[in-house]
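Next come two complexes built around chain A: one with chain B, the other with chain C.
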Partner chain A sequence: MIDNGAITVEGIYKVFKKGRSDEVRAVDGISFDIKKGELFGLLGPNGAGKTTLIKCISTLLIPDSGAVRVAGYDIYREPLEVRRHIGVLTGGERSLYWKLNPVENLRYFAALYGVPRKHVGDRIDYLLELMGLTEKAGARVEKLSSGMKQKLSIARVLVHDPPILLVDEPTLGLDPYFARFIRDFVKNELNRKQGKTILLTTHYMDEADELCGRIAFMNRGRIEAMDTPVRLKRSMPQKQVLEIKCQGAIEKEIFDRVPDAAGINITHSDGFVYVRINTDNPEMILSSMIELIQQKTKIFSVRVTAPTLEDVFVDLTGASLRNGK
Partner chain B sequence: MWVVVEEVRKSFKILLAYPVEVVFWIFSPLLWVIPLVFQGKALIGALSSTPFGALAGTDEFIPYVLIGAIISTYMFSAIWSMGNSFRDETYYGTLEHILSSPVRPAYILLGKGLYNSILSTSFVIVQLLICVFIFGLEITLVKVFPIFLFLLLLIAGLYGIGFMAAALTLLIKEAHGVLHMFEYVLFLFSPIRYPVEVNPITRAVSVFIPLTYALIALRGLLLDIEFNFWKNSIILLGIDCALLPLGLLIFHYIEKRTKTRGTLADY
Partner chain C sequence: MKRGEGSTKRVFHYLRAINAENIKEWKIELTYKPDFIRQFIEPFVYLFPYLLYGYALLGGRYSEHLKDMTGIGDMVAYTFIGYLFIGFLNTACWAMGFSLRKEQWYGTLETIFVAPVPRWVYVAGMALHSTCHQGLIMLIQAVVITTFFAIVLKMGGLFPALALVLLMLLGLYGLGIIVAGLTIALKQWWVVSEALSTLIVVVTPIAYPLAVLPIVLRKASMFLPTTYGIMGVRHFMLGEQLAVSLPTIFLRLAIIMVVWLTFGMATFLIMDRYGRKKGSLSVY
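The block that comes next holds the complex of A and B.
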């Protein structure tokens, strides 16, 4: 048993065969450890290997090599003990029985996790109260909203009161109100108040920045950097970001010949294109950037901001968190 | 064992959310029996036949086929319901959550098997009552204990086949074709519709199928046909002792294989 280590991952590899000769290195020699009570974030684009890693830790996938210990238990030799100490929460709606009501769902999962029968009723009442679902206790899950379903999924994960939570994209597909609720709940109730160790995977940089004490950037199966959000942002060589909001089609390659522009990230949101350029001299490159962009698109606004985690990620990997390219 | 009980409870609650499905399962075995009855009548001009009696031990074609059809409900249930149970969980989105719990999957399958057995038994009782009151089937229910003994021995063996069917579905995901083939093979080599003595190959293969011995015994008990009680029960017990651990072993192997290949929740 390791006293203060909740999760220890040492050099794990997972390669998937695609056809006869092709293979994908989903997890490529990753090592890290998470201390008890820590809220640790794995940040990376879709396909970075985050979910594969979570599956290895939760014993749903057997790594090709490497060691993983959870709550001091080895995933290969003591998988049942590992599962007893973890709760796995995933985003999306389908992790419950829609034809059952919340009480029936929780009773079933309480049995799966070996909660003593005499405590099940009280535990379910407590969890429904905690999640604000008491009034919906008898309604079929299919009648609940997406946010309520996710609240019930959290109650399901907590039914056996696990010390370690693996939380995979918890706000995926939720409206901003419920996404806010889930973030607050994960941070304040589960981590701060209940002291649970949380491994959170997300591709939302704001979510990771707001919630996590430490973050590991994951890309193409590898960890590119790991530190606190503040230190990661400070580590960026360029201390400022020039952001240009425009509309129209724009290619990254047109900026190749702009001096003093390091990482360039182009994202799309609400019908607009956002071009973010990491730089030490926004004033120096401003005119050339505007000239280049105006040839292709219409500019709506220009501003200089501090780097975000996404800017750090782009600087480190050349990839975008949102599309992984 | 609480998890097994909860698995049964959950499965029934989900089933009752689809009432039309319940009606289908009660009547479908009877619906495919009726054409056989008509076919028999058309072929031999009556519902009893001496050559049939020489092979089956009874001249009466209808009771023979009806009991075969009703008892084969257990076989359908083992192959389809247990075979597809993890596929259903994948469809619900709950498979990974079940398999990341500290319960061994065998207990989940056992719960699903128990649910199917209870369901099948209730259907069998309804079907037998329909046969008695509508088709005039004459059965002797004085030997209730031996009937349940043979049903238990049959169900245990079919659980082994159910574990294998579940493993197969976990492995190849869309297993409908293979499960159909599995079902047809069991139909071909078990005395469900006809005595397997009709052909030397069916007779030779049928000795490995638990349904053969269960049908001989249950027809013997329900229709008062002479049979060897001890021989059939001991052979059935022996087949159970082989099939159950073999089914579990195969399921465990396939589960590990899918966890290695990362195809556990694919479907």
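The block that comes next holds the complex of A and C.
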């Protein structure tokens, strides 16, 4: 009865009706298997359907069709058992009671999860210690920083020591210091040390690349590719990427006539514009690219790199992780 | 791996969750001190219009006509007992009805919904909390009002009165969980609470005997637990004459309690399922 795969998803669909004729195919036929102890990532832009999929697996939503088994339990027939075996981290800092302190929050959730009374005190001490929150044990949650709230959310998810974790955008909106902590914690403590099976969603390619043993690219409710990060990156037909860092407004269309440029991805970060071109011959197209951009704006630097996950994502889906819809 | 929890264990688990919900709500409420205090003062303020009407119409506190109709001549005592029950209506229509939307407003709804207890447990926790809360407010009101107006209650009737109130509460919980269910599905969920609480206040004999209601409303009031609760308590505590016999009151109340609870639970489960299909509890 209990299969080895920790999570099995088979042909899941979820369509939201908006008004009479308008509908959103949030999850559009998705299947995958996650093995025990795996750290599996769903990488996709905003609106790809990641959260909807997590909600289906965690019994918050009923899918239109398809089968899901979690720790061997069927989400339709045994939702309570499914919930007992998972910890779900979603909703960020709002998922706690701000008027209560960390201990009161954790006590409440321990009761909901039926953690034996005699273990509750020790468990809470352990979790606060683990997350470095012992000193804040009596402070109202509203007084904690975003990063500490997220740490407390993680403690909350672990209160019943579930074998499976569903982690939805764990570092969204966190400053780099806490984001670093959370990533290390998820990978080293939760996955490697405690051996938990983890399904993580993110739209940060670095996060997926660094943490996940396997990644599924998700876009418009579908999985476009699924493999280890290394193999995904190797799968690109073009082996190199030419990156030009500049400033100002640049339209994708101006590159339409550059030969040998397979995919072009324009992203914005820290006030700069990065134009990335997948190519086999960076030297060949370099001069025409520079010429085109210089007509429009100022170039700060040019470099040639290996493809990142984002380049592969753009190549496969035509959508960008950051700006895509 | 263990499969499931045994049924005894499950009952204790749910009861513990219900109580945890109750305690959590007390703690949260007590952090809003002015609002907490307001809840204890307001009921006194709202009682006055009722009493002033009474005084204006009767030209005093006692009425022979009321005495003929009900056996109680003291309008203040008569009205105030009925008025107390509005507290319980608040439990059903507002506290229970809004329990889930309140969690949504905190941002915690989906977090608690992935815990391994059925969703009615949260509504039940809120029912327990609000009953304690309203009970406390009512107790204070009762002590203050009876002292201030020198109302003499028959204390011997206290226990039967409480038994009746308990039955009535269970019936009201049935109503409350219907409202909670409807709030899942409806965008303008508060309309249900408004409509229902207004309707109940009108057809429940709070400040007047049933006999003065138009026949349709009188019929409707026969299906509401509050009607029997109020009649019974006034009978036991003040000596109101009853149009129907006591056993009949208990029996009818027991029946409508079962009906409302069953109907309420069914509505809630259907609405919960509907909500999980539509995603109507997510903010979109």
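We take it that the second predicted complex is superposed on the first by the 322 of 325 C-alpha atoms of A that agree within 3 Å, B and C clash if a C-alpha of one lies under 4 Å from a C-alpha of the other, contacts with A are read in each partner's own complex, and residues count from 1 in each chain.
In this text, contacts are C-beta pairs under 8 Å (C-beta built on N, C-alpha and C of every residue); 3 or more make two chains touch, one makes a residue touch a chain.
It should be emphasised that the depicted structure is a prediction, and the values quoted were computed from it without experimental measurement.
*Asks:* Here chain A is shared; do chain B and chain C fit on it together or clash?
*Replies:* clash
*Asks:* Contact-wise, after the overlay, does A:Gly91 reach chain B, chain C, both or neither (first, second, both, neither)?
*Replies:* Touch partner of A:Gly91: chain C, not chain B.
*Asks:* Contact-wise, after the overlay, does A:Phe16 reach chain B, chain C, both or neither (first, second, both, neither)?
*Replies:* Both partners, chain B and chain C.
*Asks:* Scan A:Lys50 for contacts with chain B and chain C and give back first, second, both or neither.
*Replies:* Once the two structures are laid over each other on A, A:Lys50 reaches no partner at all.
*Asks:* Taking the superposition on A as described, I'd like to know which of chain B and chain C A:Ala71 touches: first, second, both or neither.
*Replies:* second
*Asks:* Check the residue A:Arg214 against both partner chains and state whether it touches chain B (first), chain C (second), both, or neither.
*Replies:* The answer is neither, since A:Arg214 touches no partner chain.
*Asks:* Could you look at A:Lys136 and tell me whether it touches chain B, chain C, both or neither (first, second, both, neither)?
*Replies:* The answer is neither, since A:Lys136 touches no partner chain.
*Asks:* Just which bits of chain A does chain B share with chain C as contact spots?
*Replies:* 16-17, 52, 55, 58-62, 80-81, 83-84, 86, 88, 90, 94-100, 104, 107-109, 111-114, 140, 156
*Asks:* Using the touch definition up top, name the residues of chain A that touch chain C in the complex.
*Replies:* It is residues 2, 16-17, 52, 55, 58-62, 71-72, 78, 80-81, 83-84, 86, 88, 90-91, 94-100, 104, 107-109, 111-114, 140, 156 of chain A that touch chain C.
*Asks:* Help me check something: in the complex, which residues belonging to chain C touch chain A?
*Replies:* 1, 3-5, 9, 13, 16-17, 19-21, 23-24, 27-28, 31, 106-108, 110-118, 273, 276-279, 282, 284
*Asks:* If you look only at chain B, which of its residues touch chain A in the complex?
*Replies:* 2-3, 5-7, 9-10, 13-14, 17, 92-94, 96-104, 256, 259-262, 264-265
*Asks:* In the complex, go through chain A and note every residue touching chain B.
*Replies:* 14, 16-17, 26, 52, 55, 58-62, 80-81, 83-84, 86, 88, 90, 92-100, 104, 107-109, 111-114, 117, 140, 156
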